[in-house]
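Should a chain be cited, it is by its letter among A, B, C and D, assigned in written order, with residues numbered from 1 in that chain.
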Amino acid sequence: MSKNFAIIGVGGYIAPRHLRAIRDTGSKLIAAVDPKDSVGVLDQYSYEIKFFTEIERFDRHLEKLRRGPEENRVNYVSICSPNYLHDAHCRLALRVGADAICEKPLVINPWNFNALEELEGETKHSIHTILQLRVHPALIKLREDLQQAKGMHDVELTYITSRGPWYQVSWKGQADKSGGVATNIGVHFFDLLLWLFGSTQGIKVYHADESRMSGFIELEHARVRWFLSVDKDDLPDAAKAGGKTTYRSITVDGKEIEFSEGFTDLHTRVYEETLAGRGFGIKDARPSIELTYAIRAAKLSPMDGLIHPFLKR
Amino acid sequence: MSKNFAIIGVGGYIAPRHLRAIRDTGSKLIAAVDPKDSVGVLDQYSYEIKFFTEIERFDRHLEKLRRGPEENRVNYVSICSPNYLHDAHCRLALRVGADAICEKPLVINPWNFNALEELEGETKHSIHTILQLRVHPALIKLREDLQQAKGMHDVELTYITSRGPWYQVSWKGQADKSGGVATNIGVHFFDLLLWLFGSTQGIKVYHADESRMSGFIELEHARVRWFLSVDKDDLPDAAKAGGKTTYRSITVDGKEIEFSEGFTDLHTRVYEETLAGRGFGIKDARPSIELTYAIRAAKLSPMDGLIHPFLKR
Amino acid sequence: MSKNFAIIGVGGYIAPRHLRAIRDTGSKLIAAVDPKDSVGVLDQYSYEIKFFTEIERFDRHLEKLRRGPEENRVNYVSICSPNYLHDAHCRLALRVGADAICEKPLVINPWNFNALEELEGETKHSIHTILQLRVHPALIKLREDLQQAKGMHDVELTYITSRGPWYQVSWKGQADKSGGVATNIGVHFFDLLLWLFGSTQGIKVYHADESRMSGFIELEHARVRWFLSVDKDDLPDAAKAGGKTTYRSITVDGKEIEFSEGFTDLHTRVYEETLAGRGFGIKDARPSIELTYAIRAAKLSPMDGLIHPFLKR
Amino acid sequence: MSKNFAIIGVGGYIAPRHLRAIRDTGSKLIAAVDPKDSVGVLDQYSYEIKFFTEIERFDRHLEKLRRGPEENRVNYVSICSPNYLHDAHCRLALRVGADAICEKPLVINPWNFNALEELEGETKHSIHTILQLRVHPALIKLREDLQQAKGMHDVELTYITSRGPWYQVSWKGQADKSGGVATNIGVHFFDLLLWLFGSTQGIKVYHADESRMSGFIELEHARVRWFLSVDKDDLPDAAKAGGKTTYRSITVDGKEIEFSEGFTDLHTRVYEETLAGRGFGIKDARPSIELTYAIRAAKLSPMDGLIHPFLKR
């Protein structure tokens, strides 16, 4: 039977991927909330979506539905709010008798997982998250290959995605709201590396400012040099010359991992998996959240180890 | 020389048309403001746009530029804020030494034009607005034809554009913020009719609720029956059957005016005209604002005159 | 043992009465939330109160305390938010394992009681409200007298409390947020009358605008003519001449009920009763909420019955 | 003739002093604005005050009055908004043809004075600020005594005023909005010292965190050791034992300056002076703003000079 969805943060940047995933999995969006009211995007999906600008009124509506006929109840709440509100909105979902499907990062600080896990137990509802790289066919293939040939690998992760001054003015630029660069733009890649190469054995952070971070991670099966930035000046010259504004590269033992294709509909894939009972939960999200938290909390290391080449420039 | 622009309300629905018009006229966007911070759209245009979430800080920045070197000054402020803030934001533009290019409706209540006109005189800067239908080639042609063959015409204006529940929750659903249906979705068409058929001689309003309005207007050269709605149930059956969500029709003496094509880049055309000194100002905007105000303020008439066929249903 | 309190809406007008009641009952305020940050008033009570501007972060804090040592848990949440948020904030209280003590009116629409009552059952926590007139010694005495001498009484309720233009601009002036005049400024008196004279048998509403309402209520033991206003022009001439800005009168069979004294510390009295297990709950609040809702929903009656003398003027 | 006032930030902590000063100087408050709508305080002053929650609508109203009969125009705008908005609100005042009376600090960053001074010249209206210690009788007397007996003095400034956790959550805790501790709670005292002892010759800052700052200033006629804090743990033991939450002391050559009395009506005194053409302007405010800016921007000095005794603890 078709599932009923509600969505939190529908006016934001990432919401359209969730809206499409809801539609493309044959689900039905019935309620939405966002503090800002510029949400005409909803009309592309349905004219029957109740909309609220206050979380309290949204909560009232979902509670009312919860106490009505089963076919009207909200089964899933999609969460696209700013990172630091994710856990509160997951609690809202569980309390009104729904599962949560929450954007990454599921939480900023790992200790918030504990309360969420207890609440899952109390409510018998689950929290799912979007770890979309784990459903990417090329990366699934890579993982299988790697698991056949264990051993220690040298990995270089580079991700530079240009953002204008608005980024630092917005909640994304405030570490207590976004978690900073490593969490906000890096968590996907750190999750990927943990999933490919095993758990964290040690970290070093060499550089950290509001626009870029760089460091080293030892995983069970990889030594990772990483560099993340939202500053266009960090783009390699070739990218600049080509008018590119994003540069993304993961190399394993010097060989580039190719996964540029098929990036946009991965949200839908994750939704399909989640609806089929094979979604990603707190257990899956925890290692990358713990790693990004450790990176955020780390003191800078002297630059005497394996250092990403972009940092030396 | 390339002109410098700032934009107010950059996070909203209509802003992208202004952003494109700024770019496509070879102008340079250097500052932007919106109370909400989800404005990643800016990165499609430039990485050098100062962004603010508070109008006061935006004003400070523009004042600072105004007192600096001439090449850094803001020449134009594009205004895409909610309707009821347009005149305040026009004042801001003039005060910092810039012209304003303001979305329709320029103001909700016509008496606010007086203060704006005086301020134009005081500051030697001008307020321009977007009356994009007046630059539509097919409509320009129509106007020429009509002016050759004056006389009295029978016009039927029908515009139904479906909006979900969010519309009434947003500022667009509040009459004191948007002006209501006739002003918010109708002003373009009323301006067109005034431009084609001459000034208002009399009006009747037969129906007015938060989702639809209908009435009669006598112009110098036309008797207009009009019907405006944001309720999808008002769509004609053929449109519904075809899965259409918008129905727009203007007939003159029973003949459909065709102007579906070339609708999206009209903002750029208006910008070109404005930069060339041929933009639309308060004088141009006033008749349609006075008409829509009169419609809003009118008492309902008994349904005994020329009535739009959709209303009788 | 001393009880731990949290408070929602601490920056508003009524919060100081709750702050004093918390202190004067020997309780401890440990957390507070208000969307506005001008809450220096807290420093009069304690320097150990965690403060939040977002309900989500407040919720996180209370959830964390709930899962910690018992002596740190929040036992009561005092709710001083705008009326239309009361029920959502009561739910928040119950969900984090606390009781709610909520300002009047507990809800605006009586059907919201049902979900709250079910949630009380699910959580084993209770919702209490402030019906402070019921703990007023003079009114308790009056009630005892009346119960000895049942019969039918003629009651006239007049309450005019001047408010400037800010009132209509604020949430108090929006019927969907405050419930309108009868609910927002009248509910206390309607509760009093129901408590004194028994349940509602019938109502008439003769006048209703955003500043004043007037009507008739038949109770088991009283015929009530009532007039409520926030417009200073409605004050009787004697009050105006004396520079008074409020006029309050309840007469029973033409005799004035005197209860001007001892009005300000009644919140503390209600808190004492609540902490002692004798507070007022949904059952107590329901009749006056149902009555004020019925008044709000009523069509105007022709003015042919018992009419308050102020209305005829 | 009685002057007309408007006020910005009427819902905040300091507004009541301005409201009283407006009333007590026989002036008339006719308009007010605050983003929050909990402003029942207005009813203590008048029922004829137009109220707005948006600065744009307030601006519209003042522009309309400016273009109406002279007796209705706003002559002064009192500014009680957060510090970082002061200069924008001063500009608003000048632009609508009024003088500004602005809370301290007039601006956070001294370069904003330049634009304000130019705007004063353009508009022929003036910006005044509240330097209330300069009208304190005991301090005027002290200044006269000091000017007779010039020479070098040893001054110790200590100001500890306890604030709970809300302080750091609010705008006051954000350096870019309040200027930090030295600016927000210290500027009055620094202005006093500059007024008493002449201009700044040099500064050292020994300690700076979000709750406390301490340093040394050399003035023409004084060596100043200063310590400012909002942390109650910094109170001297005697103050703590006595249940005091504020400790304020200025000693000159070891002798305590007494100015505890007559502190609350100083706003009214400043208003009287301002209305009489003897108010404090940008010229008066500039030295203390430059000093507090220098303190904020300074690198920490090694602790090898004259150090406030509270810092050594």
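Note that in this section a contact is a pair of C-beta atoms (placed from the backbone, for glycine too) under 8 Å apart; a residue touches a chain by one contact, two chains touch by 3 or more.
Computed from a predicted structure; not experimentally measured.
Student: If you average the CA atoms of subunit A and of subunit C, how many Å lie between those two points?
Tutor: Chain centroid spacing, subunit A to subunit C, equals 44 Å.
Student: Suppose each chain is reduced to the average of its Cα coordinates; what separation in Å results between subunit C and subunit D?
Tutor: 39
Student: Which subunit D residues touch at least two other chains?
Tutor: none
Student: May I ask you to sort the chain touch graph into line, ring, star, complete or other?
Tutor: Chain contacts: single closed ring, each chain with exactly two partners.
Student: Okay, what are all the chain pairs that touch?
Tutor: A-B, A-C, B-D, C-D
Student: Report the residues of subunit C in contact with subunit A in the complex, numbered from low to high.
Tutor: Against subunit A, the touching part of subunit C is residues 54-57, 59-60, 63-64, 67, 84-85, 87-89, 91, 95, 112, 114-115, 118-119.
Student: Write out the stretch or stretches of subunit D touching subunit C in their complex.
Tutor: Interface residues on subunit D, with respect to subunit C: 11-13, 32, 35-40, 42-43, 46-53, 162-167, 169-172, 232, 245.
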